[in-house]
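Down below are the structures I want you to see.
The same subunit A turns up in both complexes below, where it pairs with subunit B and then with subunit C.
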Partner chain A sequence: MTRSPKAWLAILAAVALLPFVVRQAIATEIWIFAIFGLGLNLLMGYTGLLSFGQATFFGSAAYVAGYLLKYHGVSVFLALSIGIAVGAVSAALVGYLCVQRSGLYFIMLTFALNQMFYFTAYQWTTVTGGEDGMPGIPRPNVLGLDIHSPLAYYAAVALLFLLSLWVMKRIVESPLGKILQAIRENEQRAEALGYNVPRIKLAAFVVGGAFSGLAGVLYAMLFGIVPLESIGFVFSGNVVFATLIGGSGSLYGPVIGSFVFIWLSESVSSMWARWPLLLGVAFVIVVLFFRGGVVEAWARFWAWRAAHRGPAGAGADGPR
Partner chain B sequence: MALVRTERLTKSFGALTAVNDVTIEVEAGSLHSIIGPNGAGKTTFFNLLTGQHTPSSGRIVFDGRDIAGTPPHGIAHLGIARSFQRTSIFPTLSILDNVWLAAFARRESWRGLAWRRADRYPAESQRALVTLAEVGLGEKADQPARELSHGEQRQLELAIALAATPRLLLLDEPAAGLSPDETQKMVTLVRALKGRYTIVLIEHKIDVVMTMSDRISVMHFGSVIAEGTPAEIQRDADVRRAYLGGVVTG
Partner chain C sequence: MNFALLFSQILNGLATGMLYALMGIGLSIITGVLNIPNFAHGALFALGAYLLYSVMQLIGNFWVALVLAPLGVGLLGVLIEYGGIRPLYKAGHDYQLLLTFGLSLIITEGIIIVWSPVGMSQVPPPLLRGGIDLGITFYPKYRLFVMLAAALLVLGAWLFLEKTRYGAIMRAGIEDKEMVSLLGIDIHRLFTAAFALGCVLAGVAGALTAPIRGLNPWMGVDMLGIAFVVVALAGLGNLLGSIVAGLLVGVAQSLVALVWPEASVAVIFAVMAAVLLVRPQGLFGIR
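Then we have the complex of A and B:
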């Protein structure tokens, strides 16, 4: 917790500098994806529930809010609120079914339900546009402020990202955050202590879904379209992947993961069509050597430096 | 007055009757031990009391109400806490958090559940620290639980049960796998709890049970074959045949 101010300074600096380092649309996408990752990480990192269906909530929110923005001219504020609600409600539905099972069956259920949502969007062409997606999502003014320019929209998204990060920080440092970790560590004991484990897992789903929903609406407004992929399993996989690379189980892991994933995929893919190969290699390295992702690699580097600074430092580390 | 009593409690798994027609009464404030050879059904009996298993038949009456079939988290809210025979802790969480979670679970109100910082619950934090000090882990509060030795993990196991401020404390072999020295420490700990809590103790070490218990029930093949004060149990011929053999030293 003492390290937290430093982490916030680093993030604030990144938020301020990013749009001048990479294309503004990419910079915006990084923070949107980070919000998406924060939601997943509450499930995957803190509760130990590997949800392979987060795009369900992301996509549902994007479609519903996108539809309302496009055909009913709702305000950005309302669109975001509705998106968060749609994310939370769809996560409640999916979560209710999934928390009844554990392990592999849990993962497969999240995946299967994701596929159901995907094919619904695929078939329901009159509303969703099917394979073509839902184009023409407007980006109305917010409180009289024009957010059409990439930089203005970036600022709005970055603000919401910082807000999301702060909210998530509060959640993981609250009793609920501890209870979720307890469930991850030892479900039977948590239940014996008096915690209604399925209901608390469901709560994690709902909160995670709300974050996904927010990300989904921001994504739709960023590109002006809700592509079919936004509700597809590849999208669900990407957020798992990015979070693992960054480091699951740490608050900032998905933020770093999102940065690495989006930046790599956008910058390298324009140079080299086989870029997923590079991501694959990165993934293998993480799984084999750094189970805690970039966050762990970073911590280990500093521990290593401290140990090699002088003879007094070496070995003073104690047993691992 | 009995705080908890079972009436003809039975649990069958297919053809196996693990707990057979068990009627036991535990007086409030007493230490009631259950002994018996491995596989006698002692832990299954605990699992029935704590809701991990649903009884096949019979009743469990706690404080005047039938609680059979209540799920484990509901049992915990009634004020029944247990320790596990095989250490069951939260390994990567700090020792303090392990115990704090037990204290927090007993709160009446969940105000601030997802928003207030976990260290802003002074009553629960205090309860957790006091409990840790009581079992002798106060110094290590900030260490992750997995760094503790087996003996210390057994102490933590006990602390987690105690932090819930239980009205009924079920201890499943608290000294399992401990060295003679560690066992002595654990015996001292449990002895210090006597009188302050209503305790049901499962224990293999006969000498320990004989010196501490107010009453003893002896289980064999799922049934209670004898019940009485330590002195009565020691005299009982059936018990000697089934279990005690020639090893009684106390």
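Then we have the complex of A and C:
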């Protein structure tokens, strides 16, 4: 993390400029998705746990907090806290079953349990609205401040994003973060060193779920609706894609990935109703030709430049 | 409760359960031999149904269609393995997942473009229309046929894997890939064959399902999750386990549909969660 100040400056500049470059709603969505990606990256990039069920926590939090905002008029702070708690608790439930298996079983279980939550939301129409989603989510004032204008809400979300990024940075640099990376590198060895690997994986799951929950509530308040898709597996796949395209295993990877993904999907979705086809093609192309994502391509570029300019330190601490 | 209704629901559960087992076995072979997560398995199932529909439109013979449609899916499987999966064997599950997930989006959207975004229906062949009196209840012939056909296919898969040389190689591939290639067997050909076989099984499950549930582009989504459930409960490469797991969730689903239809899909995953709560390593505790 030697280049950290530079990265923070770049992110602050992006936060300041983005709403004037793209539509404010899209700019807001980018940072929300980045929070979502930060949570997944703790699992995928730092612990080596490939979860294909992150929408479970995102969607559950969005539904519960959305319901409370809509029918019980709770405050934004309470809604966010409850959302984070719902994300963490649902992740604890799902994680408890998943961390006992590894590898491909783990991936399949996260997906299958995601489907369980999805079909529950799909059928429980009296509460969730089923296929139509749960509309009419309000965006109440925060400490007397009106956040109804897109720019005000953008500022609030951007602030929470920066906070999330800082918290995540502290987590991955903490002893827990180091243990997670140790598990990623060599699970048996971490176990042999006396760490309770399943419990630590579960801890990562819960933290990742909390981030997803926060993102879910912000998403519901951004669009004023909790769409059924927010708990669906496509959403889980999208965040995996965004994190990979940015470069998993680096703190800023999901941030870059979210930027690329939201911008990409917003531009193609307005072009053609069958845009998931283009998204699928993009997945295949990235996987076949651009593995390692933007961050690694960037690091490779700098390493290449350094190599051509004489002796210099190697590139950034690249992913895996 | 009406006993005849209960009986026919159990039969329904057994018929869909056999289809689930078929999906699970196909996925198990792919996942076990190639060591990849196949998120396109559901889309391949849907493609099998649509190919059956089209061959029926062209030729009008159900039996020919029932053979050609899965073979078409298998052929696509060969192309996918060769062009997409092969470069990724060393790339890690994350990229393999993204590739197969991307392929499933492409296949689903392709179905919408080529066929139609709205659902379609497919009638069973004349021979299998109508019902048959089982004494307790009147039951559709086609569903009995599906039960029988799926059972025969599972038996065929079992005979292939247990009794033939190629099946032995495939099982060995699930156990220890390095040893297989050390023995001088072309592991790449094995991978292609295993992927194609898994695709054929998904395709035939889709083709058999079409006259029961009709067709829609997203019909594979539930099936993907169910196939995962079967594999998670049964363990990779465990055929008998796949049948038990498939029938378990199939019957549970159709019984719940009787009392609480809204929960009938979610219950599949709830059954899995309940089993894993008691037995984290699955029904048979493999790996």
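One rule holds for everything that comes next: the second predicted complex is superposed on the first by the 287 of 320 C-alpha atoms of A that agree within 3 Å, B and C clash if a C-alpha of one lies under 4 Å from a C-alpha of the other, contacts with A are read in each partner's own complex, and residues count from 1 in each chain.
Here is the rule we go by: a residue touches a chain if its C-beta (ideal position, glycine included) is under 8 Å from a C-beta of that chain, and two chains touch if they have at least 3 such contacts.
Nothing here was measured: the structure is a model prediction, and the numbers come from that model.
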> Can A:Glu173 be said to touch subunit B (first), subunit C (second), both, or neither?
Replying inline: first
>> Which partner chains sit in contact with A:Glu229 here, subunit B, subunit C, both or neither? Use first/second/both/neither.
In response: neither
>> Tell me the contact category for A:Glu187 with respect to subunit B and subunit C: first, second, both or neither.
In response: neither
>> Quick check for you: in the superposed arrangement, does A:Leu279 touch first (subunit B), second (subunit C), both or neither?
In response: second
>> Between subunit B and subunit C, which one contacts more residues of subunit A in the superposed model?
In response: C
> Between subunit B (first) and subunit C (second), which, if any, makes contact with A:Glu266: first, second, both or neither?
Replying inline: neither
> Is A:Val287 touching the first partner subunit B, the second partner subunit C, both, or neither of them?
Replying inline: second
> How about subunit A: which of its residues touch subunit C in the complex?
Replying inline: 44, 50, 52, 97, 100-101, 103-105, 107-109, 111-113, 115-116, 119-120, 122-124, 233-234, 237, 240-241, 244, 248, 274, 276-277, 279-284, 286-288, 291, 320
>> List the residues on subunit B that touch subunit A in their complex, please.
In response: 50, 52, 71-73, 76-77, 81-82, 84, 88-93, 97, 100-102, 104-106, 110, 112-118, 121, 160, 164
> Where on subunit A does subunit B make contact in their complex?
Replying inline: 170-171, 173-179, 181-182, 185-186, 188-197, 203, 207
> Residues of subunit C touching subunit A in their complex?
Replying inline: 31, 35-37, 39, 84, 87-88, 91-95, 97-99, 101-106, 108-110, 112-113, 221-222, 224-225, 228-229, 231-232, 236, 262-263, 265-266, 268-270, 272-273, 276-277, 280-281, 287
